[in-house]
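In this document, chain identifiers A, B, C and D correspond to the written order of the chains, with residue numbering beginning at 1 in each.
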Amino acid sequence: MISTDPSIWIAAFFTVTIMSYAFRDNPLFKFAERTFIAAVIGHAVVMGIDSLRQFGFNKIQAGNIFYVIPILLGITILARYHSEYYWISRYGMAALVGIGVGLQIRTVPEANIVSQLTKAITLGDNPLLGVFTALTTFTVIMHFTFTTKKIHEKPQNVLPVVGRYLMLIAFGAAFGNTVMTRMNLLIGRLIFLLRDLLGLMGA
Amino acid sequence: MIAEGMISSFVILILFFILLLVLIQQSKKGRKFEMKHLPGLDAIEEAVGRATEMGRPIVANPGLGSLRTGPVTIAGLSVVTYVSRIAARNGTKLIVPVADPEILPVVDEIVRTSYNLEGMSEDFDPDYQIRWLGNNQWSWTAGLQGIAEREQVAANIMIGSFAAEAMILAETFARVGAFQVGGLTNTYQIPFFVAACDYTLIGDEMLAAGAYLSNDPEQIATIATEDVFKIVFVGVIVVGVLLGLVGSDLMIKLLEM
Amino acid sequence: MSEEGFFNQLERIPRELIYAVLLIGLCYVLVYPVGLPIKVSGETKELYDSIEELPDDSVVLVDIAFGAGGMPELGPAFTAVMHHLYQRDLRVIVMTLYTEGPQMYDILVVNKIEPESSYDKTYGVDWCFFGYNAGGVTTMAELARNMRILETDYRDTPLDQLQVMEGVEDYTDVDLVITFSTSSGGISSPADWVQQWATPYEVPMACVVLKMMIPTVSPYYGTGQVDALIPGAGASAEYELLVNRPDEGLASTDALSVAHLIVIILVILGNIAYFGKGGGIAT
Amino acid sequence: MSVMIKKQIPLVIAFIVGVILVFEWFIPTNLGDAVGTGLRESGIIINSFAIMAGVIGLYLNEIRKVSLRRDDWQYSVWMLLVVSLFILIGVPFGYESTNYQWMYNSILMPLGATMYGSISFYIAAASYRVLKFRSVQSIVLLIPAMILILGNTPMITSVWSGFTDTGGWIMTNITQPVYTGIMIGVALGTLATGLRTLLGMETGWLGRREEGE
């Protein structure tokens, strides 16, 4: 049974127009693209105002006046478009940069260094294999040294070069492995078109 | 006191900071650190030159991240700064796509400054050059697909944070014949840039781009700091594995402190 | 046509043709499935058993950490596992830290599984849904210590008035966490769950993730921090078989085979063309 | 003086905020916890204002394009309509309201899901274009890729699991340790870039520069 739900028809229209780009750029794709960008921006405003309410005004109302500070910092961002006082917005930006950097540098030592090093030196049930994987990590780190010319000179450059080839093997495998995940997504959209819209698939 | 299990990472962070300051001081006193060549970054200037000859635009893409994504985005913005300077100097058409509204004003300022500094401020055209494509990875990707095809982009420099759209972007720009330099830290997506771009800056290389392009000795001193730690970590791996082979988990215990 | 010309064409198969073959091949096999045999893997059986072995009235916390983008791969697996949970007499608490989570819940649980009519279950008694909560990992960590930091469910009913939440205060009352995740960090990734729940409190943990995420999560599986780990792709078909609810997962299995075969054939053709034109292996 | 307010103070703000977040993380105290949460939520609040600033800019630009009848001005009209529609329904009624959900499910969701799904086309075309016995490097990429593709094909795995096992072995014993190495490098790069930023050495985010800055 072909669907009579307008929501499904609109969704199907956008599904087909987006797919059509793969074949050729066309006015319908352009229409879908602009609709998409506009919808996303509209949605961002809706969610933005909601978080302003949730994290800002509600907290101030509850008596936590400290939340006036981020609101003031936020207002400074609006100064960006003023030709003379644009620099005021740097105050808000600075807070964002500080937050971004702070959140990153505080977690990477544990998550990306300590835990990864631990993983690298954990030998597991098969010590020989453990040594192999540790060496793999070893050579890859060597590949990523920048200011140590000596490491990248013959004959010791065999380490970073081996690291490079191991990386290529890793990337090839990851590439092949992802094909399945990606195909699943397309299949999902086709199931939507064939079953939900056209009613062509059996149970 | 320091939270349980975080002593080792705190020590790493503090030691890194101290060594960084020491090496910056040394470079101020004249110690030189030289960086190995990163062909991907060296190729940018040539790519811009080719685009100029063809009269086709280049895209300098700082990725999906926001300022709160931190270093990856900051590195991406450094590359946009560099590319926009060259583009302004050569009179190349430049397009900078933006996803997150936080970096929209930053990109505006970066490009404007580049054109001012090169004395080309009348060439600055924010309507054409700066495109906000929505803070959703897919609206942004759709917008970029539109740009690739309609503007016949000649070079695509995408260095920043990229997610699942990496494959679409790399293929779409390859199909219009654009010369591509990619750079990202997201391990899931690196294979796609490696497969489809002319040059790819992998992980750390991409984060070093800002320092590399600046050619500023003090910034390169911070890269040397990284290298010292890399060699130490390589040592940790060797010692840890040797200890493991004789049945000791001392190193793991140390790391888990 | 000369030999050279033939290989030239073979090297330049128009992209449009590749896309068309892919589309037609997939559509055909979706409408007329071949019904290739399926083998249930050990990992899938492990997740099935870990749910099957839960005593009646156990509390299962289900985390929706995917949005529309992850739906094609994780949706079928989520649906199959939820069917299993409803087939048993368990208390199911569904939560999400993804903004699109509530939509996924509506589409898959409310409209698709329809627990009321399919299994005679009652909302608030047999299961509940917390709705979207901001804060990502922070909220996840808080929940382990105190579930009541969320005052209401998604219908704004106070949690204290939900029968299913009776006696569920913190991690000690949860018998199994199942996360369906596309996240590689930050919002609600398997690693976050391991760090915030499984490692400190030893709460049994099952992860259903994108196929491509398996290598990243499998170290936790190896160490036992994660008790069951399956990919959405492939495993959903197997799970549908186990719970006897054939659906999208099974329907897409044939399509997956066809898609892969097309890619394999393309790669072979590309190489025939390359060598046919006299291309060699450069060093 | 002016450089002080225009540049130095923002740099100091970034530095202090960053340092607070670091110490709050490693040395947990109740006060630090509260300040940390406050800072993270501040980020969300400031981001909301960045969205507002972006949207105001968008309205001004698009209205100008329409009034000047620039190329494609019709698309500008349409974009303004769509943005306004989402805002007019989403803000007063909330994003959980039925009408908003309807718009979300029939416009945003299928668009996102289809874009995501269209990766399949590109990955098939890229496989054909890239996976060739062209050089040693491309062979090293090709062979593991093919093993994994074959090992993920249900039709093949139900008959013979050799490819799946080999593929799994490569993923666990090569890909994983390689990623470990890359991640350690990225972590150090993050620290270096982050500290450069906090120390005021990477100042791209400050935007416009003037004499004396």
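Here is the rule we use: a residue touches a chain if its C-beta (ideal position, glycine included) is under 8 Å from a C-beta of that chain, and two chains touch if they have at least 3 such contacts.
It should be emphasised that the depicted structure is a prediction, and the values quoted were computed from it without experimental measurement.
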Between the pairs A-B and A-D, the one where more C-beta pairs touch: A-D
Central chain (by mean CA position): A
Most distant chain from chain D, judged by the mean position of its C-alpha atoms: C
Rounded Å distance, chain A centre to chain B centre (Cα mean): 15
Distance between the centres, which are taken as Cα means, of chain D and chain A, whole angstrom: 4
Rounded Å distance between chain B and chain D, as computed from the means of their C-alpha atoms: 13
Where chain A and chain C are represented by their mean Cα positions, the distance between them in whole Å: 18
Per-residue multi-chain contacts in chain C, two or more chains: 15, 19, 22, 69, 71-72, 134, 211-212, 215-216, 219, 233-234, 256, 259-260, 263
In chain D, residues with contacts to at least two other chains: 22, 25-26, 40, 43-44, 47, 50-51, 53-55, 57-58, 104-105, 108-113, 115-123, 125, 127, 129, 141-142, 146, 149, 152, 171, 175-176, 179, 182-186, 188, 190-191, 194-195, 197, 205-208
Junction residues of chain B - those touching two or more other chains: 6, 9-10, 13, 66-68, 70-71, 74, 101-102, 105-106, 108-109, 132, 135-136, 138-139, 142, 164, 167, 175, 187-188, 190, 192, 194-195, 202-204, 208, 223, 226, 230, 233
Chain contact graph, described as a line, ring, star, complete graph or other shape: complete
In the complex, chain C residues that touch chain A: 15-16, 19-20, 22-23, 26-27, 30-31, 69, 71-73, 75, 99, 134, 191, 210-212, 215, 219, 222, 232-234, 246-248, 251-252, 255-256, 259-260, 263
Residues of chain A touching chain D in the complex: 6-8, 10-12, 14-15, 18-19, 21-22, 30-32, 34-52, 55-56, 59, 66-67, 69-71, 73-75, 77-78, 80-81, 86-87, 90-109, 111-113, 116-117, 119-120, 129, 132-134, 136-141, 143-144, 163, 165-180, 182-183, 185-186, 188-189, 192
Contact footprint of chain D on chain C as seen in their complex: 13, 15, 18-19, 22, 36-39, 67-69, 71-72, 100, 102-103, 106-107, 134, 138, 211, 214-216, 218-219, 233-234, 237, 253-254, 256-257, 259-264, 266-267, 269-271, 274-275, 279, 281-283
Residues of chain B that touch chain D when the two form their complex: 1-3, 6, 9-10, 13, 16-17, 20, 66-68, 70-72, 74-75, 77-78, 80-81, 100-102, 104-106, 108-110, 112-113, 117, 127, 132, 135-136, 138-139, 141-142, 164-165, 167-168, 170-172, 174-175, 185, 187, 190, 192, 194-196, 202-204, 206-208, 210-211, 216, 218-219, 222-223, 225-226, 229-230, 233
Chain D to chain B touching residues, read off their complex: 22, 25-28, 43, 47, 50-51, 53-55, 57-58, 61, 65, 70, 108, 111-112, 115-116, 118-119, 122-123, 125-126, 129-130, 141, 179, 182-186, 188-197, 201-202, 204-209
